[in-house]
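As written, the chains take the letters A, B, C, D, E and F, and residue 1 is the first residue of each chain.
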Amino acid sequence: MFRDSRMTRPKPETPEMTEPLAKRFPAPSLDQMPDDIRTRILAVQEKSGFVPNVFLTLAYRPDEFRAFFAYHDALMEKDGGLSKAEREMIVVATSAANQCHYCVIAHGAILRIRAKNPLIADQIAVNYRKADITPRQRAMLDFAMKVSRNAEAISEADFGEISSYGFSDDDIWDIAAIAAFFALSNRIANVTAMRPNDEFYLMGRLPK
Amino acid sequence: MFRDSRMTRPKPETPEMTEPLAKRFPAPSLDQMPDDIRTRILAVQEKSGFVPNVFLTLAYRPDEFRAFFAYHDALMEKDGGLSKAEREMIVVATSAANQCHYCVIAHGAILRIRAKNPLIADQIAVNYRKADITPRQRAMLDFAMKVSRNAEAISEADFGEISSYGFSDDDIWDIAAIAAFFALSNRIANVTAMRPNDEFYLMGRLPK
Amino acid sequence: MFRDSRMTRPKPETPEMTEPLAKRFPAPSLDQMPDDIRTRILAVQEKSGFVPNVFLTLAYRPDEFRAFFAYHDALMEKDGGLSKAEREMIVVATSAANQCHYCVIAHGAILRIRAKNPLIADQIAVNYRKADITPRQRAMLDFAMKVSRNAEAISEADFGEISSYGFSDDDIWDIAAIAAFFALSNRIANVTAMRPNDEFYLMGRLPK
Amino acid sequence: MFRDSRMTRPKPETPEMTEPLAKRFPAPSLDQMPDDIRTRILAVQEKSGFVPNVFLTLAYRPDEFRAFFAYHDALMEKDGGLSKAEREMIVVATSAANQCHYCVIAHGAILRIRAKNPLIADQIAVNYRKADITPRQRAMLDFAMKVSRNAEAISEADFGEISSYGFSDDDIWDIAAIAAFFALSNRIANVTAMRPNDEFYLMGRLPK
Amino acid sequence: MFRDSRMTRPKPETPEMTEPLAKRFPAPSLDQMPDDIRTRILAVQEKSGFVPNVFLTLAYRPDEFRAFFAYHDALMEKDGGLSKAEREMIVVATSAANQCHYCVIAHGAILRIRAKNPLIADQIAVNYRKADITPRQRAMLDFAMKVSRNAEAISEADFGEISSYGFSDDDIWDIAAIAAFFALSNRIANVTAMRPNDEFYLMGRLPK
Amino acid sequence: MFRDSRMTRPKPETPEMTEPLAKRFPAPSLDQMPDDIRTRILAVQEKSGFVPNVFLTLAYRPDEFRAFFAYHDALMEKDGGLSKAEREMIVVATSAANQCHYCVIAHGAILRIRAKNPLIADQIAVNYRKADITPRQRAMLDFAMKVSRNAEAISEADFGEISSYGFSDDDIWDIAAIAAFFALSNRIANVTAMRPNDEFYLMGRLPK
């Protein structure tokens, strides 16, 4: 997925964490995890060269881990409609508004890679209104931000506005659902003080 | 679950909706749904006498349906720690702050039934600080509301405060995770204009 | 007024309170009240079957009691223009924004009765934008909410908007004055921790 | 009351207005007013040398006029407890937060006169935390501002804090009721674009 | 500059302060100041009859003093484009929103003098939307307030709006830069508890 | 200053801009600039290898350019008290709250270099409460953020809190003045849509 060859390291038996997790909610060790969760974590490590801390934090609660990643993958790994980079733009913009350390930095890295653009994540995190995006993407983020911050006031006018940029109803569901899912994710990460792995900060910033 | 005998009606073949769903995201008919989803919906109808609209709205997206209810059940149907009524208090308080029609009215009904208290849901929805709850429940809702509205500022002082009421770290995870999950749920419901079924308004208000 | 026959009970000599008032500002006993206030309270009890707590709380200050109810009646009992149900809609919407326990629950009951609609009060209290009201009523509540929350920014454009729905200047004064009067009322009720009588919660929810 | 000898002018038969009222809600002429209202207006003119516009604006609605001034006088003309200058401090501080033109300027004048202090009103209007007031008055304004802006969150801790400065429960009622009454008054004035008479701007600024 | 003949007093050797400065950041005595700063302060005293406290507070840091007044003069003493009264309107409106004691009262005085209007400063400080200004000045203040309070959301639509009133790009820079400069100034004044000199309160209120 | 050897390029006669400036406020060409400004810009280019866009944007107004950089240097280049990295932490935290593209990205780069820490700027920009800083630095940023966002409410309690971490009054002035200066700078940058040079994004992220 978001593997960066500069990051490759020997893969140890136990997941490698760049920083200790919050002690309040300790991650179980690999051999204490249910099989399906251990398998997923090892697969991510194999692919990325490290285990993003979100996997370890949520392993504290196996049922929630499974539901979380099932929901995540349904929204973020989906083909068609929004591009994968656009999906990550929504994550970065709304997570920045929610001041979520883990999500801005980890998904910022994924956005840089998926958009093949080393500047875009920082631009969107600071002020998406000034980012180098298309008017259509700007409309997408305006809608996502309203879902994230003022969903109670979403109106027919908002649907009309975003539809005018050519987004289908299915696209609009995706935009809203991603903003909603990261409303959950940002809160979990903020409460658990989930720490982004050091590897994320530099990913996607250098030419391959 | 939240069956109320006054509500029992003949169960028709197709799910009975008290109000049409938003046309923008039409629910599939029962026979178009994947088997597991149809089965769950029929089970809910059997138990409750009607199909809460959240099941129909989310059936539009089967993978998201499955993840949503898996997450929901992991948090809301869990035994031990917080009581089920307390879990619903968190839903009602945070959903009211997010002005979520469906969640306040549907979960208000469930709260009345689980707490066996016909007044508590309205009290918590309007202003939880004035509700007939214990100081420990008040502390639980203060923490949940901060997760819901200002998770970026949750601090060690907040953990210290809530721990002083005897909540374990596992309880605190539950409180935070329920507030976070309904941050998602409220946004989905607001964007889809999810309508609470008429049945919910009166459930739990009359002595059995 | 908002009498519900199911609620009728024997009328005792002293006013019957379902819950103790805040001890900080104790209501006088009936025989310590000035005659005009005692007379009004007994008349309300005769009509409604119980004494809404607002009458007892304000009896602590007879002059304020008289001015409060004179103002209230001038706005809420007025014939012509807005219907009585519409006047109560304004009360419920603005009082919910102000998180006023007493006003949302007591006036929610009155709204259900006056609108002959068991669902409308909860809908408006949670999120009036999603309630089953006409576009004209929606415009009325938009204006009322702006008076309640941002009166300093009311502009000619707001008057133009609401006038376009056919509201006369006299109607607009009523909308604004009701929102303004409950800005007062909500604050008094919140500071005195005024408690809605238990009777209100169920009033107007059952078919007659 | 707030007469300033420099302001004296011949008293004409019809009330003298320094600026036209908002045309949307025209004030009736003196001879069209009910007797009691005309009498009160003429008395104010006799005493002050001009008719503050609030009397003319509200004369549009005689019943509301009567209730408004009855309420106002019960709170602002009361003897004992808070001084009259302190009552006006509450008006100026909360009306400034509500950006109410009429109330800040008219009651600023009255405050200067009642406090015999030409600087105090501007200080409190801009930022009461920096005004030349006693710590007890500061606590009074902190409480009043919370009633005005966040009454839903008033707690026992707030009562404890203000009581520690020696305010009685009756004083606290007065503080809260004045803040609440001007929550109403500020909204009426903002919606009607009520204009302070020119005379108010200079009143109380010059040594007698 | 803003000299008012009624204010003239004998000019003493040491600057005359109507109120002690905050002790936390004591102003140096005149003879301890660098020559250029002492010279400027004596010139202001000569012209105005007193030394506005901002000069003394900032003399605590000579380099910042020089940069502050250089910036101030570049924006406020500039000829052409916006009138000097209009520049002061921006200061008063934005400083009131920032609750800056010193700036509202001192620049309110200057505004009254420059606009030759004894009412305008109080009107703009309380609620600029209700002030006696032209639609063009209203548009100027709307833009300035957005720069002051929400600069992150300034958009092409805002530029289009203000340009439609005939403001040039250079005028718009001035409006924005004045709002930005007083964002700095208001914060310095609030942190240092900078006190407006008593002289300012009455300046420009009486006919010459 | 913030030179990064990887960035070195041939220095052309005219300043090299990585992106066009906002056309609304065009930068003058080097030969149209006053001598002192051209000299400063060439010196920066010599040192850094490129001309940060803030120099070009502000060259549009030479007097403001001079005052801006004089103020900037007085606060940011000062020796003693706060370290230079700490000064940049204040810039990054407050500029992120103000959503200032230029300041977060350019000063984020400088912070990484001055702190010799490739992670710190992103951490502080997203949520300074979660950053790897000392409790003393956290207290410094809490104070700076209050100056930036709510200076009107800075109180003796705030001074007491920050002093308890060993900051002198001179340090506190610096903290406040930096937060105040970037309140200005952020607004100028947002209005002019000042664009951070591409070079900043990567500076300080790689080991030397």
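Criterion: contacts are C-beta pairs under 8 Å (C-beta built on N, C-alpha and C of every residue); 3 or more make two chains touch, one makes a residue touch a chain.
Note that the coordinates shown come from a computational prediction; the quantities given were computed from them, not determined experimentally.
Between the contact lists of chain B and chain D, the overlap consists of C, F.
Taking A-C and B-C together, the pair of chains sharing more C-beta contacts is B-C. Among the other chains, the CA centroid farthest from that of chain C is the one of F.
With each centre defined as the average position of its C-alpha atoms, the distance from chain B to chain E rounds to 54 Å. One finds 25 Å separating the Cα centroids of chain C and chain D.
Separating the CA-averaged centres of chain C and chain E is a span of 46 Å. Annotation for chain C: residues touching 2 or more other chains are 99-100, 127, 152, 190.
Remark: the chains found to touch one another pair up as A-B, A-C, A-E, A-F, B-C, B-D, B-F, C-D, C-E, D-E, D-F, E-F. Within the complex, the chain A residues that touch chain F are 96, 99-101, 104-105, 108, 118-119, 122-123, 125-127, 130, 190, 193, 195, 198, 201-202, 205-206. Interface of chain B with chain F (complex): residues 152-153, 155. Across the interface of their complex, chain F is touched by residues 127, 129 of chain D.
Chain contact summary for the complex, chain F toward chain E: residues 24-25, 60-61, 63-64, 66-68, 70-71, 74-75, 98-100, 147-148, 151-152, 154, 159, 169, 173, 176-177, 179-181, 183-188, 190-191.
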